[in-house]
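Given below, in the form of structure tokens, are the structures.
Both complexes below contain chain A, partnered by chain B and then by chain C.
After this line comes the complex of A and B, so read on.
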């Protein structure tokens, strides 16, 4: 089955892998924003996670520990953001942007000497025989474990936010921090934990780029994936399954673009390259036209700092 | 009498000293500066230029001082870096990417005493700008021979960076050589629009592999396409680009094009030291030693290796030109007549695919 010289099975399998970094980072950011914090430092946390994961994987020889290292590195960087915005009540937008710049510089410095090294190989989760099954094989069984992890995390995030007490508390803090505070919840502490979760998820996403997708370390390896993740969160109106759909759509277009070129399609490359960004703008315009912020699903306290003395 | 003699000899000595410096403006110490488009650790293009810089240091020791800057974007930022280098006392500045062409010439106009050397470009607007290049397409013909004989799917791929003449030479030479040994071969070209973005290079290689391509040549600077090919577990082969990339031996890296800039850099800095420096335009290939063909590994059958080495040796001997007619352009119009070889002017301005390659060149 071929559509315009492109095998849809391979395309779907490819987009699932390509979208892992933006999916993980966007899931983390969705939780952060649901708790009422706008952290624009996703790109910075991703790139630091990419370096942290790479360094740990190279020194331990274990890709799994590498991903754990990426999570720790991303969470550690997010602590800077948490300290500035939750303790010192700095402006979240400015702090987030600064975090991205800081993360890019820090990773560039820390990555000196790691250029040109090969990290240990991240293996597929399931036996190769399963991946040989036509159609279902490459799509369902042919991936490394991080791809399954990303889908699992989508389900877990959705379940926790929607059905558990923790999720209810996170949403309460994000919708009305004053009310949540009046009920006795420690608003800033809950937000701190959400920020760290977002940092860890961005870090794992970054580590996927440096350990699986490329796999090597170079400066600025995430190349703007963090900004796409931020766009996807809004695109998905802060809902985990829509985040998955958005990430696959974005990943799908970027894979399709290269595949169409390889297949010798006549569609100009430039249009496909800009398609994801155009689509984000279109969705943002549609979603925000004539509707209130609440209708878009944005948490009511998004971007506002909280202090108990108020 | 004695006094007059003394004066005369003194003036003679003075005259010699001045005359000497006016004749050959040799320098006692040269500060040689290098502008790199990627990090030295790219393991390819920039790494190779840096090897050349180190060779200069080794050759002249205390008489040269090397300065370099990595990851300089092509464009306005390059002008700033070049100006800083020129103000910082550099005597000769090597700009090592095509995109530095206009910045190099613009800054050269402001610093007539500083020598500028631009790699792979064609503009020499000022007497202090020289250009140097290597005939990479000769190496591509060797790779194409291997690709045509090794492909099982009859689909070979090429990751292009930008549609500039140097890359067009490479694509066409690669395809023609493959076609010569395997008439059924098809070429897929993916344009990455970057010299150095490992994620994008890896994605491009993956897209080619997904389309059934089993031999990939890359015209970008990192090892990412080989890393991607390695994931296929031996089913896909590729080539080291710019540098040997021996970490991926024996497969997927079955051979390589090695840019050997060291002799040129040593010669040019040496010329500046002894005062014989002149503006020049150098374009050497396999014969001149600027393009080296890396070791062809045992992942390739002996007869393929022999055929590839014959192409290499014939090019070096001058008996084979990768562009020998009859060759038509993609649109069917004639380019080279039977037996004619491509003039350098055509190669330096090449902006078309040869007949048989499908797809359009992005504008």
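After this line comes the complex of A and C, so read on.
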């Protein structure tokens, strides 16, 4: 069952794995933005998470601890952003850019001496026999545990944002920080926790790149995945299930272009590797065409700092 | 607990004091970082900030300052115009690459013709290439309301793949024995951006940077367009009543910053870099964001900030060769500088008050 040298089963199984980094990072950023904070430092947190995860996994030999290390590294970096924007009330756009520049530098500084090492293998979750089932096997059962974790996190984020008190508070802070403050919620503290959640998720996403996707350490390993994650949040109208759909769409394009490269397509390799970035632009245009920010579902206080004068 | 209190009007003192304070704080924390890496912090800081100006090889390194500062200043001034108006072009790196490719393509197309008009034509093509690349996010923003931050950034990655393609196929040196990279402009006098004053490191790019600094200052302080830029950034509602056309403003700011980034790319590729290679771009487009903020988005401030940032590049290279400091450490150092700048900036609009002091003010 090959279509132009591409097997659709492998394509679907591949896109589920390929999309994990952007899915996790975008879920985290969706929560951050729902709380009214625009953190453009996703790329920086991802790449630092990628290094943190890689270093911990190599030294402990445990991929699970590696992912935990990635989460800690991402969250730690996000604390810088949180301190600057929530305590020192710095411009969020500029601080986010600074975080990315700093993160890229920090990771290439810390990553020296880790080139050419192979990280421990991240294993599958389910027995191999299940993955052998034709068609459904590779798609449903053949993945490593992080893939299932990412889908679980989509459901969890959706549930918490939509049905729980915590989610209501986060959304209130993001829609109108003055009203939330008047109700007695600590706006900046809630935002700080959301930012750290976003950092941890970006860190895990980054760790998936260095531990599973590549898997080794190279400078700037995330190659713009963090920026694509930011675009997916817009594409998804800040809704978790749509984030999943967006991430899989991008994962699909990435896998497809890689498969086309491998299948020896007539299109030059360079133009194929542009595809995910061009698709991001096209999707952004379609999503935002002729609609105001509010009509797209953007949180009303997005990007505005809060200072309690009373 | 100490609390923040909004100032009635921004502090002029802190407006100017923020950059030096941030630099000093960065030196201190950077020094701790270097010490943690097992280097002598004093030696590293001296190598970066003192030796290029007054050290043994200063006669050569001082020239290198302008070479590095030129493109940073050119790009940062363009970015600052947009940032002031709330238009975030962060894809200058892509515009820089496209400017270099377009300009170089014009020169290489007529190789080996010798004519005085070739270099000016390349300069125009370079500016045009950067302008064109910046028009994509500008028009998508004005026509479709698309976020310019994400689009301009995505286009950096697209530009990088085009650069890879250019250096391995359509601009590749036919006599290059199969190695990637274009012909070297240093062997092509009509297209070469040589030094005008070798000891100062002054080439046409440096001239353009300094002239642009002055022109941009005049634009911002003396021209209606500059007034509109400042108004749109500080009070978008007032700008609308004043009749500022937002579409025109976006196209103008993005266009200027794109053209300036393209110019910087062209001057770099025909001068210091010498040829189109897969990685001739060294991230000036991103570092320029730091320069723009360090210069307080003020063209004259940016000229100074550009030289300071060039100092970290030149001194960083020195520290790399003499003291074995990894070049990534300089990148971290530059990122830290921006953090401190943004953090200290709080003092421009707010002041810290102890609760006791606040209480007495309240009692009056």
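Basically, the second predicted complex is superposed on the first by the 287 of 310 C-alpha atoms of A that agree within 3 Å, B and C clash if a C-alpha of one lies under 4 Å from a C-alpha of the other, contacts with A are read in each partner's own complex, and residues count from 1 in each chain.
Keep this in mind: a residue touches a chain if its C-beta (ideal position, glycine included) is under 8 Å from a C-beta of that chain, and two chains touch if they have at least 3 such contacts.
On a predicted model such as this, the values are computed, not experimentally measured, just so you know.
Student: A:251 contacts which: chain B (first), chain C (second), both, neither?
Tutor: neither
Student: Contact-wise, after the overlay, does A:218 reach chain B, chain C, both or neither (first, second, both, neither)?
Tutor: The answer is first: A:218 touches chain B but not chain C.
Student: One more residue to check, A:63. First (chain B), second (chain C), both or neither?
Tutor: So A:63 meets neither chain B nor chain C here.
Student: Does the superposition put A:270 against chain B (first), chain C (second), both, or neither?
Tutor: both
Student: I'd like to know which partner A:28 touches here: chain B for first, chain C for second, both or neither.
Tutor: neither
Student: In the superposed arrangement, does A:307 touch chain B (first), chain C (second), both or neither?
Tutor: Only chain C; A:307 stays clear of chain B.
Student: Of the two partner chains, chain B (first) and chain C (second), which one does A:261 touch, if any: first, second, both, or neither?
Tutor: first
Student: Can you list the residues of chain A that meet both chain B and chain C?
Tutor: 219, 223, 268, 270, 273
Student: Spell out the part of chain A that touches chain C in their complex, as residue ranges.
Tutor: Spelled out, the residues of chain A in touch with chain C are 40, 80, 83-84, 88-91, 93-95, 97-98, 101-106, 108-109, 112, 219, 223-224, 227-228, 230-231, 234, 268, 270-271, 273-274, 277-278, 280-281, 284-285, 288-292, 307, 309.
Student: Any idea which chain B residues touch chain A in the complex?
Tutor: So the residues of chain B in touch with chain A come to 39-43, 47, 71, 157, 188-191, 193, 196-200, 202-204, 206-208, 210-211, 213, 222-224, 227, 247, 358-360, 362.
Student: In the complex, go through chain C and note every residue touching chain A.
Tutor: 4, 6, 88, 90, 136, 140, 144-147, 149-151, 153-155, 157-158, 161-162, 164-165, 286-287, 289-290, 293, 326, 328-336, 338-339, 342-343, 345-346, 349-350
Student: Which residues, counting only chain A, touch chain B once they are in their complex?
Tutor: So the residues of chain A in touch with chain B come to 5-7, 10-11, 14, 18, 114-116, 118, 209, 213-216, 218-219, 221-223, 254-255, 258-259, 261-264, 266, 268-270, 273.
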